[in-house]
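Shared between the two complexes below is chain A, which pairs with chain B and chain C, respectively.
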Partner chain A sequence: METLKPDAANYQSLLKHYIATQDEHSLYGAEQITKQFIKNNIPPEEIVNLHIQAMAALYPDLPEYFRHSMKFLLETMISYGIAHQEYHTLREQQSELKSEIAVAANMQDTLLATTKPAIDGLDIGVVSVPAHQMNGDYHHFVTGEDGSLGIAVADVIGKGIPAALCMSMIKYSMDSLPERTMRPQTILKNLNRVVERNVESSMFITMFYAQYLPADGKIRYSSAGHEPGFYYNARENRFEEIKAKGLVLGVDPDTDYRQYERVLHQGDMVILLTDGVTECRQGDRFIESEEVLDVIARFSHLQAQDMVDKVYKHFERLQNFRLRDDFTLIVLKKEV
Partner chain B sequence: MDLAIDVIDENKKTIVKLSGEIDAYTAPQLKEKLLQLTKIEEHKTIVDLENVGYMDSTGLGIFISALKSTKENNSSIRLVNLQDRVLRVFQITGLDEIFTIHTAIRGGNE
Partner chain C sequence: MTMDLQSCVTIEKEWDIVKARQLGREVAQKAGFGTVDQARIATAISELARNIYLYTDGGKLCFEIIDNVEQKGISMLSVDNGPGIEDISQVMEDGYSTSGGLGAGLPGVKRLVDQFDIQSEKGKGTEIRAVKWVR
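Right after this comes the complex of A and B.
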């Protein structure tokens, strides 16, 4: 190895000096050589080899057992060197993977992008934050030809990449449903079959699907095992849980979903969320759902977007800015 | 937090007593145990959740796989002694309607 030659002479003289004096300067010199070796990717057995040669040059009459022992060390370092090389390769591969995942996450964001629609008389706020690189929560807005607004909120169990990939499947199944089947219970029934057929047995999806009909201020909804949202009754200044029962998607292909209906009045709100919100923890303690409501109520006088942002900030702070789960919160506020 | 899995084998029946939390970290060992038991033809598995204070959705996924496995292998699984927080997770997801769930292990259910 060419790069070793000047170092070999240098190493030998440093070693000679050190054996004679045991002085710190030689050690410092050795450290500098090491840095050079690391930079040039010199495997550890080469360094042992360097030492053997230096010793042989300095002391031609070294005892045989010493030479054998150095040979032994050399062989040992060869396997060490191979393992070390593998470690480096793995590190490189890992960083490649990381950047590929970042690309995938980006692509996912583009694929699943949804725009908050502008609906007369309905103030909408959305916040959706992933705990890891890819979001396993999903929300989607779709406006029908009849002016109705479809809102899906979903959570995939498993987390991480498989969950995120699963979401793309859901999104495309929903896009391919004909518009006349936009009713929440029909959508969930269809998606349930898609998920049941295509997803492995320990994975499943919870979804809340709502359809808002602006003409009569009515909201229809069905739930597939999704964390219940809340309904705010402005006249009575009272929150209540939205009771909608239904089995999670992907477990039983023959499930039927119940559909519920409710008329919204001025100032009423519908609050949809994922369990990343209700499973927030403060230290070892869970945040109870009453506390979640308290926080929502505290900011409920704000515009919907401002409100969800403030609620999110509140919980982020409680958990020391480290989310355990993806966090999605949607607020629909009827203005007139 | 850890999850302790105590297994009591009786004739054609196994009681799996769990203590701790069921989450993404502790779930794999539980999954292995439950799938192993539910694969035995006509075997009855009873999971005692009395000492489980927390279960996240990964845990649900495991119980769903176990339930699917009982259907394929003509075996059965029953969940007993659920704490309120854990029971609520089954109720929200609608899974309480497809699982056999008892809130007390004793009392002549068998």
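Right after this comes the complex of A and C.
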């Protein structure tokens, strides 16, 4: 087949051929030309005009009414032409925005980076995946001089950029806390005041803060309205919800947070998460929390990191590879 | 640079928009514009005249042929003593117009012509000059 040249002569000859034969071949040719037109940003009124000219060349004595009708069509195409240009501008703007957000997301990754610490006798697994480019979930590990490990998991109600900006603030407030060995309830009390002062009242931040004391095999924790985690009792081979009461951050500046504690034994697990895990959806149906536990249990024989990765993959697939909410899951496994 | 005499249409009633289109098209034809550009010019004039009709107590649209050594074209001038446009940058943003943009409004006019300039003062009025060159 000849190479199709997107020009007037080509259009005219295809049109002529089509009028003579009404064959599919000319229509295919027309389709290929259209692609060229779109690629070269040709507005619809130009195409109508091309048609008018081709017809005038092929049939010099076209009836007057037909010529007028084509002129009429051309006029109606002008606004479509502008809309077409606007669409192009918007597409360019969109790709600019996308790359700006990508840069911001990168910055956020750097800002909020936290390294999973190596603690003797404690196997840690973490997965945190944003639904969109920027993550509104946050987790952070802090190791104290006394060997204790602080673990924060937080969630902003809301997604995307506003949520992510909010999280950067939380991270900096945490970094500026006077000491790294503070008790969970004190940390939440401090953060609560920061959030109350700095964040719009329409934004809610929940946080679960846990502190692991390796010497005693003990865990202390407090919650600010955060999605409850789970505790796995190895001896009884049983999961239970970690119940902890506490008000969402930023609501009342004078809130005190209750602190709980629990001793971990060999094989026990602590599972911390955000509602992106428990509110996974299959089609229109929210999954039940037993299903989350079933999946966690299914992979619980694995190393903690493998385990969270597998759980994430399971839910990613369940939701057709399109997360609706940021997803953060942390597993602590007591090894000895 | 030589210029034809300016021809103007006063915009008060909706019907005047049609008159402005008609006159503008005649000037464009005389300047040597082809069918497609004539249609574009008429559309641009419509938008300008409609804004005068909708948002002011009256104004006018004036056309003239620009003919200098390098090129030939049409200048369209829209002048009114209306309330003025306070935030021009905002008005020129795609999608701002009451119709939601897409093929209309002042950003549309800007796309249809080669040069576009707005001057406006709150409470005093608006002056828009658009120029299109014959290709």
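By definition in this document, the second predicted complex is superposed on the first by the 240 of 336 C-alpha atoms of A that agree within 3 Å, B and C clash if a C-alpha of one lies under 4 Å from a C-alpha of the other, contacts with A are read in each partner's own complex, and residues count from 1 in each chain.
The criterion applied here is as follows: a residue touches a chain if its C-beta (ideal position, glycine included) is under 8 Å from a C-beta of that chain, and two chains touch if they have at least 3 such contacts.
What you are looking at is a predicted structure, and each value in this text was computed from that prediction instead of being measured.
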Touched partner set for A:I157, first chain B, second chain C, both or neither: first
Chain B versus chain C as contact partner of A:S202, first or second or both or neither: first
Which superposed partner A:I82 touches (first chain B, second chain C, both, neither): second
Partner chain(s) touched by A:T34 [first = chain B, second = chain C, both, neither]: neither
Which of chain B and chain C A:P228 touches, first, second, both or neither: first
In the superposition, chain B vs chain C on chain A residues touched: B
Contacts of A:N106 with chain B and chain C, given as first, second, both or neither: neither
Chain B to chain A touching residues, read off their complex: 24, 31, 54, 56-58, 60-62, 64-65, 68-69, 85, 92-95, 97-98
Chain A-touching residues of chain C, taken from the complex the two chains share: 34-36, 39-40, 42-43, 94, 101-104, 107-108, 111-112
Interface residues, chain A side, partner chain C - complex: 45-46, 49, 52, 71, 74-75, 78-83, 85-86, 89-90
Interfacial residue positions of chain A with respect to chain B in the complex: 155, 157-159, 201-204, 206, 224-228, 245-248, 251-252, 275, 279, 286
